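Listed after this line are the structures, all set down as structure tokens.
There are two complexes below, and they share chain A, which is joined by chain B in the first and by chain C in the second.
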Partner chain A sequence: MHIKFNTYLLAYALNALYRRGFKSFFTFLMLSFITFLMASILIIAHAIKYELSLTIDALPELTIQNLQAGRHQNISLEHLDTLLDIHGVQRAIPRVWGFYYFDNAGVNFSVMGIDTFDHQTKEHLETMVTAFDFEAFVATPSMVVGKGVQRILNENYYKDYFNFITTEGNFQKVSLAGVFDARTSLESNDMIFMPQEIVRNIFGMHPQEATDIVLRIANKDEIATIITKVKALYPSSRIITKEAMRVSYQSIFDYKSGIFLALFLVCLVTFLMIVYDRASGLSSEEKKEVGILKAVGWQINDILKEKFYEASIIAFSAFLCAIIAALFFVYTLQAPLLRDIFTGYSVLKPTFVLPFVVDIQMLSVIFFLSVPIYMAAVLIPSWKTATLDADEVMR
Partner chain B sequence: MIHLNTVSKIFNAGAKNAFCALDAVSFEIKQGEVVLLKGASGSGKSTLLSLIAGLGKPTHGEIVVGGKHISKLPDHFAALFRRSSIGFIFQKFNLIPTLSVFENIIVPLIPSNIPEKELCSRANSLMHRFGIAEKRETLIKHLSGGEQQRVVICRALINNPRILLCDEPTANLDATLSYEFVQMMQTLKTEGKTIVIATHDSLFFDLPLIDRSIELSKGKQI
Partner chain C sequence: MMLSPDVIAILVLDALFLLFGTFAFVLSLGIARHFDAHSFHERQYALEKKALLVATIIQYIFYLKLPLFLFFIFTSDTISNLITGAMCAAGVVNSVDFGLLLFAFKIINLYLFGFWLVLHTLDLKNETLPYTRAKFSLFVLFFFFLVAEIFCDFYFFNALNIDKIVSCCGTLFSATSTSSIRFIFELPHPILLSMFYGTFALHVMLFFRKDALGFLLVNLFFIPLSILALILFFGTYIYELPTHHCPFCFLQKEYHYVGYLIYITLFGGTFFGISASIMSLADQRKTYASFYRYSFYLTALFVAIVSAYPLLYFYRNGVWL
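Up next is the complex of A and B:
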């Protein structure tokens, strides 16, 4: 069967949109704006979720902390051998880290000590130890920083070095040896890496102490048994599992995404109200035009085709504009206002850059929530009018 | 050509405000005839023309036009019938005010998807014939009543229909323009068109153009 595309109908549809210029433009604008809001919300949520999943993947299976009176204290390195003796523990890696509050900028830096002779707890730390000579950093105190830290230091005129204030009130000058960029901004953005000796000096830690100890477990099924054994050995210890961390991160994310869900629902309801208004009927002018078209010999399917073209032009162009605007808003402008809802705690941390993630499934959700609904809202009342007698419609 | 058999039309049938616009009207019009439908306002003339054009369906009775049972045609075929056989001149013109003269005239041809050359040729020829070629790109809302009347005639003739139905064609025209309209109808009659003019304008009553008259009063044929 040969179907010839009727270009006159398309031209008529374009003309009709042009004739109803203000109404068409207003509809396009509203549809674009609401789709843009929905898309922005979903894109931000998706980007943060992606960032979160990568961060969680990089977490160690077990982290052992020393508690005293319910508060976190440094842990003695003497425990290392005992922990390694537990069957199933592959490695026990002490970590030296802490938060350094930079008063001038009002932000917290995460300071992580590196021991080049030990195994690293995360993949990106291994990469960094290979890329930089941390042994040399001991003799001439130096550090590698995340992009966010570098930006804040630059803003505060620290181009090549930074003066840390130790717990004893002395200055510890540390040179800036390089900038590190991990897979995700959350992992590296607020981080400062330097030899463990310097970190201990800044935080006033004993050389035979660490902040916590990370355990590598060969067989994940043995985690529960190992936790029991560690607890038996060190009753005052707190053992944090990767799963517990995941739940903790997830609950923060879920709380934040709940707010986003509320925003998303507001957008959706607004959109549906517009759709309802559109679906409740054509204007008297539009109805009369449908009547005239029927009277001069247009069939119902001709009218519906024309309306389909009209709705498609508006819906697809609005969808495309909204998606482009949302991508620009989220990734170029870094979603001002909206992002703060998700990253409200970032006043304590340097800001991070949302990772660029475009998910076809997410775009499909936005598409199906906007384009077909709007088109149905145009076509259903048009069909209702077109199926009436032309005589009745023109009256 | 046009055959009506006891045609009735009741609006809001079954409701309290039911109104009988036509009551058992029967007549026949032969091909090439020019028939005048006379009657006061509200006598059912416009309703009758709408039914002949297939714009509505009679409540009772049968309408056959060119061998086709219009009263029984599904909407899809009724539209095709109007497109191919009927030219309708409405009392209130029923033009699309935001379209130009040319665009209004070609509206009935759009679904046919005919080649652009032929489409323009037909429209230009009619615009020249009825003296509105120079207004081709003017919007309808900027035209005078007489000019709009000519656009309606061009639109009605663009598909070269066999039947022309005119509903109060001179209601919005002055005496000179009404006379012009009569001249146009005279020309179309010589081309063999079947023309039905529904009017209460006395101008038409004794014209040689009219072959015969049918009078309606309160929906009934007198």
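Up next is the complex of A and C:
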């Protein structure tokens, strides 16, 4: 029960590791690499989750979509006043948006209509509307685009304007008024903003229709009641809450990193076997060492303790190195290769910078999946070594 | 089934425990049956070596279970964000029928493994190894608790359903008629508090007298009493809300994770107290003063922390809740 820290034993363990130079270094390197891989994946998932949670904070509380036969349909603007009459609804804002497929580059742009006279659904849209004159954009069709969109347009020689093809097959020429760069580039990279009239024209939408309606609700506690009321008014509608989005985002990324980890376990088990095997096969040098130690009076417990010190030194130093390497890899190098697991493979992949977040929970997961597992792998071999008979090994 | 990294980590370590535990269990059976410190038989020699392995495995499991238990609570708290209705670990734990049982198993197992290690130390100190057979027989018993806990763990994470609506701790621990623990709310505060501080006073007295049997009983009594006092009285002052009785919420960030300190001092204090008593009872020659001391310090710290909340509340507001 009493754990006394023995510095002499620690020094002896360090020396023993040093004496077995290559063997110890190899184990250390392997453990570090495996822990590093695992840590990188978890840190990336965590950072993206954090970035998304920032995005979600800015979202309106409720989004109401119109469904027909289970498919999303445009919603009539007549509903607006009825929705506003519900107590607790601060604002009801119709949104006009959609995806525009650009054949040449094979990408989808997210096209979002802006109504200058209405409130904007997000804060950063508000700042953009004040920065650009969207009223003037109606007369001379113009748009503000995200960085990724600008890059794609440039590659296809659209420097100042872009020709959208409307549903009727006509061209809608829209000039490029500016580039928009939000704090969270995760969501703004593939965005195009232009007045709602032009968006309706491109997508062939009726002027009295919107894609969906978002509700701002001042009091969080009233959300549940408002949902019931909306549901009673429009039984065919689908109502998406901010909370539901947050939960589904979190489960998606938990799931993604979980799947990775589950597959990774195979790797971990293989590693365990290798360590077990290497630790079991003793060289004649090591056997001689145990024999001498026993001859000078060491007990089985002392040798076990020394082996435990050795394993802890390797495990903890590998853990620390792996964490530092993973932090460097993810935040300084921005995790090349690995982050593609999470961001998908669309051409307009958002080029965002991962925000720096490290929390104890993530570190604990990495710890629990590296240090104890290594210790477990060497537990039985250490015991086997420690219980070798002195007369046998010295013979 | 929740396949988040935290859950995987817990389940992987559970699997390891099960593997090593089973191994230790099989070896323990042999040791418990045939161990004889006076024998010079070859088998006895092999058994002594095996005893060391089993002891090492049990130490490994125990020292990992300690941080893993805290991690389990922490994970349950995080999962509560995902489950509709749950606001803290209480909701998550109660979302399955045997949730509380799992929790009880986890705490009991920590105590059991801890006592085992105490007995092990005591055994090694004596050159005749008087408790070896006893401790391995005990492990054979404890192993079933371990297995039960691991299976509960597995079923718990398997049964967790994100889409299911669970009860929040506000309703689980309330005086309303739907609450299953309603009857404890009938206990008046003055009686509860006098029992709580009375037991603590007894604890202090017996600590100075080093009365092993009394100390054991007081510590055993102190655990449920303290949890009851936390739910009924002290909790409301931590939350500064007379209606909120949850013993889990104060583990969260909003209350500066004070719950971890509270429970570590409570369980640590009683653990050392019970160990000290058992050791003194088993070995009359020594008094194991250091364990008595740890028990006293931790318990005193626990009482000081929980008492500080109502006192500070009264100091600031001039009224009791």
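Convention: the second predicted complex is superposed on the first by the 222 of 395 C-alpha atoms of A that agree within 3 Å, B and C clash if a C-alpha of one lies under 4 Å from a C-alpha of the other, contacts with A are read in each partner's own complex, and residues count from 1 in each chain.
To be clear about the criterion, a residue touches a chain if its C-beta (ideal position, glycine included) is under 8 Å from a C-beta of that chain, and two chains touch if they have at least 3 such contacts.
Owing to the predicted nature of the structure, the values given are computational and were not obtained by experimental measurement.
When the two structures are aligned on the shared chain, A:42 is found in touch with chain C, with no touch to chain B.
When the shared chain is aligned, chain B and chain C each come close enough to touch A:300. Shared-chain residue A:167: touches no atom of chain B or chain C. In the superposition on chain A, contact is made by A:19 with chain B only, not with chain C.
By the touch criterion defined above, A:154 reaches neither chain B nor chain C.
By the document's definition of touching, of the two partners only chain C reaches A:258; chain B does not. When the shared chain is aligned, chain B and chain C each come close enough to touch A:387. Judged by the touch definition given at the top, the superposed model places A:9 against chain B, while chain C stays out of reach. In the superposition on chain A, contact of A:73 is made with neither chain B nor chain C.
The contact surfaces that chain B and chain C form on chain A in the two complexes overlap at residues 300-301, 387.
The touching residues of chain B, when paired with chain A in their complex, are 50, 53, 55-57, 75-76, 79-80, 82-84, 86, 88, 90, 94-96, 98-99, 103, 106-111, 113, 119, 155, 159.
Residue ranges on chain C touching chain A, taken from their complex, read 2-10, 12-13, 16, 20, 49, 52-53, 56-57, 60, 64, 67-68, 71, 74-75, 78, 81-82, 117-118, 120-121, 162, 275.
Chain A makes touch with chain B in their complex at residues 4, 6-9, 12, 15, 19, 288-289, 291-302, 387, 389-392, 394. Residues 1-2, 42, 45, 247, 250-251, 254-255, 257-259, 261-262, 265, 268, 300-301, 304, 361-362, 364-365, 368-369, 372-373, 375-376, 379-380, 383, 386-387 of chain A are the ones touching chain C in the complex.
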